[in-house]
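The chains carry the letters A, B and C, assigned in the order they are written, with residues numbered from 1 in each.
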Amino acid sequence: MQDWLGTKNVFKQKSPGVHWSRRTRQNFWLGMIFLLPWTIGFILFTFYPMAASFVYSFAEYHTRKPLVWVGLDNYVAMFTDKLFWISLENTLYMVAIGVPLTLLASFLCAVLLNLKVRGQSIYRVIYFLPSIVPTVASTLLWLWILNPQSGVMNTLLGYLGIPGPNWLGNPNWSKPSLILLGMWGMGSTIVIYLSGLQDVPTHLLEAAELDGASWLQRLRYITIPMVSPITLFNLITGMIWMFQYFAQAYVFRGTNDLGAPLDSTLFYSVYLYQAGFQYLKIGYASAMAWVLFLIILACTLLMLKVSERFTYYAG
Amino acid sequence: MHKNKLYTVLALAALVALALSACGSQPAAAPKELQVWIEWGDNPAQLQTLFDKYTAQSGVKVIVTAPVETDKFLPALTGSQPPDIIIRSGGDLVKSYAKEGLITELSGAIKDGGIDLNDFYSAPLQQCESNGKIWCLPWGTDIYALYWNKDLFQAAGLDPDTPPRTMEELAQFADKLTRLGADGKIEQIGFIPDQAWGHQELYAQMFGGFWYNKDGTQLTANSQPMLDALTWQQQFYSKYDYDNVTGFSTDFGNQYMSPDYPFYTGKLAMMVDGEWQTGPNFIAKFKPELNYGVAPFPPPSAHPERAHTAVVQGTVVIIPANASYPQESAKLLAWLESPAVVAEEMCVNANLPTSKKAAQDPCFTSNANFKVFVDLMADQNAKYMITSPISSEFNDAYSTVEQAILHTGADPKTQLDQLQNDYAQKLQDALK
Amino acid sequence: MDTDLSLERSRVRRESEQERRASRRRKGLRNFLKSLFSHGLINLVGLFFLIPFIWMLSTAFKTDQDVFHTPPRWLPYDNVRVELNGQQLPLYNVRTAQGVRKLALVKIAAGVGTFVDPQDPLQQLQSKFQQGTTVLAEPIMQISFQWHNYPDAMSRGSRPGVGASFWVYFENSLVIAFFTIVGTLLANTPVAYAFARIKFPGREILFVIVLATMMLPYQVTMIPIYLFFNDFLHWKNTFLPLIIPAFFANAYDVFLLRQFFRTIPEEMCDAARVDGASEWQIFTRIVLPLSVPVLATVTVFTFLYAWNDFTGPLLFLDKPNMFTMALGLRDFQGQRTMVWNQLMAASVVFTVPIVIAFFFAQKTFIQGIKLTGLKE
């Protein structure tokens, strides 16, 4: 698992030097030709839009109006915009609670699926299947499951004598509802963990067992460190994904009700969409997008830095 | 705030120029077809049939898209190929569209098309006026009144034929009409103040004000009438634990237009709703056995003179600023606003006709329940929707504040002060 | 834990034959309990994943009224009906002066129903449904699966009567998915090949740039791309904004393919080079034929992505007859009424192609996930 991107030595390479051999030159042009589908796409769909939104972020603009420079106004406005902070807070809630919770749950599910039980492969399919249900379908399904009057969730809780909350209608429960929906579809993370668990050398576990280590101890001192690179990878991808959380929140509340109840599901991307497409503040939305990019960048680097101490790479 | 008017990077300027030239190069010849977008169309097939009549008469094909979600309008209005006519379900955003230069001023179209403005009821027309100009024309309109379930009134020991006469009495009735189950959960509720659209405007006007001043140039979100209206609404929640009521009513919106709507099933005894309920597509279709009555919403006891106050809102027609064939759009508008077409369309869906001539049609006068609404629209207490260029943002913020007050018991005064604080300046900036 | 002690203990244990048997029995019991516990747990968690599916199916078979029955029921119920003069009439338990009778409902007007006795159709009776809170007439129910919800939902679509049914949405989704797959395969393979096999200067740094684009949130590029397609190219309400970007390489697929290409023995390519094969020939004749498994993975995941995509169609498609399944389903929900049974039926139809794909290509799915840890 070491260096999972295979790019560790990028910066250690010698600089190419000015005088390329004929062979190198040939390879360079060959490489460029093979890369064309990426290069053109990068310029059209990444570089140009990045530059454009960077320009917009310092302006007031829409297509029916000439562009007006406003300097840093859009960025400054964020500081005093209450909704901006609410949306950031909601998103951080999902990142700080939703992502680790989902990871923990998928790890535990992977541990369960790794037990030698009869019908193991059927269980694996059952745990995995929800993750391929299309987002809109699964979101609508959970909207229906969590319906406080006719939904199945509160009926099941009722069997146990627990009065179910008004899931999506209650600002304290709306985000946990979305996390629950996310957990239902965490099958792919489970699969990644499962393959990680299968890579843990059996001889290590057996030796520990012989030494009298309990199941919990083996989990704590062998399995968890061995899968820590997977955990890091999933944490980072999960975080990046969660910062952009949109479709589920959009489908849950519908166009006219975005963010309800009480702005508790007004996530960063939802508010950004609202600013851009409902309030026609394209400059402000672009500024928000760039701030989001910086936040994601900072969090990723921070996580990589911190993880150096906690991640174990075999070999 | 001083803003430099500078044109941007070369590439961007070129891009804009290209886009503009692309627009400009379009031939102004006769259109192949006209696109009409309708926000609130429950029956697209019927609407298409209506517009096919225009095709038969003029030879111009009309394609109707309905319903269209609110989100789609702004991108369409700023985009390069907007629909030729947009029919929105409310005039709330007309002022902001006008300010951003997204829609066409209609005085030319009105003159050319021979549209008689005197034939319009004044309240719905007023929402289209801004600085003496007309930016939209109403096409059918809505008014909200009080519906009550006579059987539930009888069961609660109330006279089934007498609706509450004051807002205070309405609260007392609601209390009598609410039943709790053995577990304390609500099984039947008397009244839910925020269950319908357009309720806020109605209550605020009943208490003598609104969140804007008369012409929408000042924000008055924390004025006494607003405070009174929200305090009055809050009691329906605070009386029986906020969660209990919200849990009970969460799903109401999703059951609209189905036999399971709580007013139809007897879970809700009184409701504020629009005139369409009395028509063929609602109660008559989903719950013909329902024994109900309808009356103007009552005034507060201290102000009997405000009886028959109603807020007229509803559908408006606009022409996008960059419509491809402005003349053809104007012609279609004139046809659309002719009394005969208004009468036909509003009759089918039981919406209020905005044309006085159309309102003479027996379709509107023969139904006693529907007549309640026609009379409300003609009443001198009929109010129009006051809007502003920040309506879109403010309405979202207001509904959040309202939810906080009604659903979680937040203090109305603090919330409204905060709201006033947040948006008063924004309104002034936007009006500049 | 005192390891020495436990080792000692096991040695002692080994000495006694009798004790060994007892221990085996004890161990057997412990294992049994353990496996009971793990089976219990794995089933319990399994229910969490399974019940939503069951609920989806159960709802999809219910009648409109049954959907909102409180408390909800697991199985679908419907009115018992009797045929009378060629009409299917619902049966009610009606309270009458002679006690509760089974009567068929003929018509309703102003809160009063007209009932007839199915045995004696001439005998008519008028009754209210409810007197205050007392129920006077109650429908008689039986278990019944509403199979017609599926065709109804599919042909109804979110816009009844304007030629925008779920069949159309289904077809649109398929068309978009097909071209997205074609584009993805064509565009990403040469790029991945260059990164895996051609040693050109600047390769590593370019690859880092490719990977870095994964971190770029969609929101940064969303508005300019929207304006570009909509206002500059006038591609609104076509599938082009959804399909064309697939014809340019993207970081995920490049990464996935490169990882696989790197596992193909370098010697094979070198040998071909010595024989005078061009890079293009090596790529098309040697590497691609050996990469069928990973190409299958890319195909499956691209299909999944395109089938699933919501934000793209949301931005670019306005006309109902251009909607995709995802958008159509959302649109269905956006109407004034939630027709839950048909909504769930349509969701089932939306999900089934993917489930089928999964069962045909289980290995491909799992392999793809393991290779990249792709989400969504």
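To be clear about the criterion, a contact is a pair of C-beta atoms (placed from the backbone, for glycine too) under 8 Å apart; a residue touches a chain by one contact, two chains touch by 3 or more.
Note that the coordinates shown come from a computational prediction; the quantities given were computed from them, not determined experimentally.
> Report which interface contains more C-beta contacts, comparing B-C against A-C.
A-C
> Averaging each chain's C-alpha atoms to get its centre, pick out the one most distant from chain A.
Comparing chain centres, B lies farthest from chain A.
> Centroid of chain A to centroid of chain B, CA atoms only: how many Å?
Chain A and chain B have C-alpha centres separated by 39 Å.
> Taking each chain's centre as its mean C-alpha position, how far apart are chain B and chain C in Å?
37
> How big is the gap, in whole Å, between where the Cα atoms of chain A centre and where those of chain C centre?
A distance of 19 Å separates the two centres.
> Among the residues of chain A, which ones contact at least 2 other chains?
Correct list: 52, 63, 149-150, 255.
> At least two other chains touched by the same residue of chain C: list those residues.
67-68, 231, 334
> Could you pull out the residues of chain B that touch at least 2 other chains?
Chain B, residues with two or more chain partners: 19, 69, 75, 79-80.
> Along chain C, where are the residues that touch chain B in the complex?
My answer: residues 64-65, 67-68, 108-113, 128-133, 159-162, 226, 230-232, 234, 236, 315, 318-320, 331, 334-339.
> If you look only at chain B, which of its residues touch chain A in the complex?
1, 3-9, 12, 16, 19, 69-71, 74-75, 77-80, 100-102, 183, 243, 246-248, 250-251, 321-322, 392-393, 396-397, 399-400, 403-404, 407-408, 422
> Which of the residues in chain A come into contact with chain B in the complex?
52, 55, 59-60, 62-70, 73, 82-83, 147-150, 163, 165-166, 168-171, 255-256, 258-263, 274, 277-280
> Going by the contact rule set out above, which residues of chain C touch chain A in the complex?
It comes out as residues 1, 3, 6-7, 35, 38-39, 41-42, 45-46, 48-53, 55-56, 59, 67-72, 186-188, 190-191, 193-194, 198-211, 213-225, 227-228, 231, 245, 247-250, 254-255, 259, 262, 279, 283, 304, 307-308, 310-311, 314, 325-327, 329-330, 333-334, 340, 343-344, 347, 350-351, 354-355, 358, 362, 365-366, 369-370, 373-376.
> With touch defined as at the start, can you tell me which chain A residues reach chain C in the complex?
5-7, 9-10, 13, 16, 20, 24, 27-28, 30-32, 34-38, 40-42, 44-46, 48-50, 52-53, 56, 63, 109, 112-113, 115, 117-118, 123, 125-127, 129-130, 132-138, 140-145, 149-152, 155-156, 158, 184, 188-189, 191-192, 195, 211-214, 217, 230, 233-234, 237-238, 240-241, 243-244, 246-247, 250-251, 254-255, 269, 272, 276, 282, 285-286, 288-290, 292-293, 296-297, 300
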